[in-house]
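Structures for review follow.
You will see two complexes here that share chain A, one where it goes with chain B and one where it goes with chain C.
Up next is the complex of A and B:
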């Protein structure tokens, strides 16, 4: 109870500090919460940016495409490396080393190759989402107790049965965690791509508002994008919980 | 041994395949140059790109030191005080989780172009993973050790210095390993978005100028640099954990 009260108190304090600081600052740069609400209303009522639904929909479609590709490639690559000892031993460390490169260095090349449109955002979202999924599959396969696989095989289980009944339950927790991280990174990749250079989508609107110093609209657009981010993660967490219940 | 050979073979086969595809004209050399075109570009860009890389790494180093110092101290402070941890944890999770790119335009509006926003944004990226790891480690320190130390009359200072700090060393090292990539990422993003110097700016201007060989060479340079940094940290980590026993 005290904890909850203190949390809410801190939130109120932060908002108050933001309000005071925002009012003292140059109105082009500082936006107090009281000024954000009207901007948010204008935005939601499509007064300030009439193409908001189209942009939001474009961003969602980019995320969905990038994620579908990342899941397919990540699972495929992860299982290929995990099932084959030699290939896994050779390519696994290379994959991990590539993961250590800050992914944003690839973005200019992707933009050059795929252009300013949706394709470069999809490619970048894919690139960010691919690694955690592939690495989660690899880690998951390592968690499977090889003795169980041997026993199941000795009792005459086929490859499909071994996979469904032995491997999948053992690695599901890690696998689903990787899929959730992958989605979060896909979303970030698409949004980063759009903000670094695009013609349409939420990132383009944010850049437009920022470029014209419409800071109130900028904050409102950020809040809408944030809702998209939080919503996608909430969905993923629901699916994660359901998948983990299945193993019990 | 076989593994090393296979890795080497993979790299060579990849480069050869790429060269072949480029030579056969399946990709437009304007967008994807052959490796044989990228290699000479490494020399032509070396002057400007190395200066840019040094600039970027300098900013990253400042951001990294700040992230580690602030992250570890905040992690220890929040992790060891029960009330602070309970009250702040939802804020920490929220701040850690939101995509920081969304506040980047505002940071640039407030701090302008150049070094300051790059360092600030780098710290923003590096600080949270380090703090969250350290916070968790401090929370999970063996209670028995703390109780024993206290009952033997250890002062608060001794408790922190002799019990808590040694116990959290692995997490601090893990956080440092994770944090450096995030710091570099943050600095590069700012340089691409609103940079006037540094590797991010160099990459962005090669892309805008359709100088594909130079762009690929510069990308390779940054990638090699960051892989080298991470491998070096891993090596230090290995040595230190062997020393801890």
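Up next is the complex of A and C:
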């Protein structure tokens, strides 16, 4: 109860500060929450942007595709590098070095390769989501206590059983953490990709509202996108809990 | 007494970055049913390697190991259960879940393996700790869970690789008494690796003294004293002196 109270308190304080600051600013630039509400209503009732459902759906599809690709490639790559000592030793450091490069530098070339449509957004979301997943697999494999593998073998476990009963549970927390971070970064990648240049999707709407100085609509669109991000993370944490139950 | 375990001319060489190391050279040993055989030797004399070969975890370069009439060619948990110095408990499993691990791998139905494991907790002294995780247990308790995991298999042979090596002196003595009690009740054949003279004399029906690397069996002694043994009896003091003179030389060689 106290926690909830403190949270709501902070939220109310921030909104009040925003309201006061918004009223003092140029109305073209600053929008107080009281002015956002009508914009949000117009947005949800499809008055300001009738193509909101299509845009939202496109962005969700781009995120889902990017994430599916990132999970598949991240897990595949991570396990290949982690299970094979030579390959891991040779290529693992290269992977970590690539992760350190600010991914946004690749975006122009992705646009050149994949065009202005959904493909370049998916590619960018994939690029951002792939690294934390692959690196989490690598870190997870390193965390497995080798003695546990010896014990399992002595008790009759073959390769598949060792993987299922020892490796996977031992690395689960790291792995699921990586999958969650990967999802968050996929969302960021897709939305940023749309904002940097696109014809459709939430990012394109945000760009449009922002470009025309329709600040109220802009803030309302950001709020909808925020809801999408928070929703996807809630879904991920649900899966995380499922995974933890499964190991028991 | 028939021989349950036969080791014949076993050798093992490891290749390390600083060149090859002979861990075992031409080791032969036979152990009868129901014996408590201790392998006593200085650190790094290949005792653990020998146990690994018997457990099917380490392939021998030469010679052969026969367990219960069959040459060892891989882990065989239905005949041989192993306890390691590092208990190697699964941290995400509770005490009872760790104990039933081997049965789970053998496909024993959940209810039956849970009953076997639960029945073991009493003699293990872990009845009140069934639902605890390894991190909540003391060192001695953890090792008892590991021993329980081995006993749950109900294999004829128990291989123990310095199981009390990481415990403090008092716990070690108590665990020895406890193990003796378990052994006399279950009549397992035990091969017990240690570098403690006290453990060897207190527990075994047979002591095999190993040489420093490359490991060989230097001498094998049969101990016939009644259990529980008093470490102060004249016979024990004499045996202790004899074993010490055998092992002292090897320990000195190992230190060089």
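As a working rule, the second predicted complex is superposed on the first by the 232 of 248 C-alpha atoms of A that agree within 3 Å, B and C clash if a C-alpha of one lies under 4 Å from a C-alpha of the other, contacts with A are read in each partner's own complex, and residues count from 1 in each chain.
Keep in mind that, in the parts below, a residue touches a chain if its C-beta (ideal position, glycine included) is under 8 Å from a C-beta of that chain, and two chains touch if they have at least 3 such contacts.
Every value quoted in this text rests on a predicted model; they were computed, and no experiment measured them.
The partner that reaches more residues of chain A, of the two candidates chain B and chain C, is B. By the touch criterion defined above, A:225 reaches chain B but does not reach chain C. In the superposed pair of complexes, A:34 makes contact with neither chain B nor chain C. By the touch criterion stated above, A:166 is placed in contact with chain C alone, chain B being left untouched. Contacts of A:94 after superposition on the shared chain: chain B is touched, whereas chain C is not. When the shared chain is aligned, chain C comes close enough to touch A:157, but chain B does not. In the overlay built on the shared chain, the residue A:238 is in contact with neither chain B nor chain C. With both structures placed on the common chain, the touch criterion links A:143 to neither chain B nor chain C.
Overlap of the chain B and chain C interfaces on chain A comprises no residues. For chain B in complex with chain A, the touching residues are 2-3, 6-7, 10, 31-32, 83, 86-88, 90-91, 97-99, 101-106, 108-110, 181-182, 184-185, 188-189, 192-193, 199-200, 203-204, 206-207, 210, 212, 215-216, 219, 222-223, 226-227, 230-231.
Those residues of chain A that touch chain C in the shared complex are 145, 147-148, 150-157, 161, 165-166, 169-170, 172, 247-248. Across the complex, chain A meets chain B through its residues 3, 6-7, 10, 29, 86-87, 89-91, 93-94, 97-98, 100-109, 111-113, 184, 187-188, 191-192, 195-196, 206-207, 210, 213, 215, 218-219, 222, 225-226, 229, 233. Residues of chain C touching chain A in their complex: 55-57, 75-78, 81-82, 84, 86, 88, 90-92, 101-102, 104-106, 149, 153.
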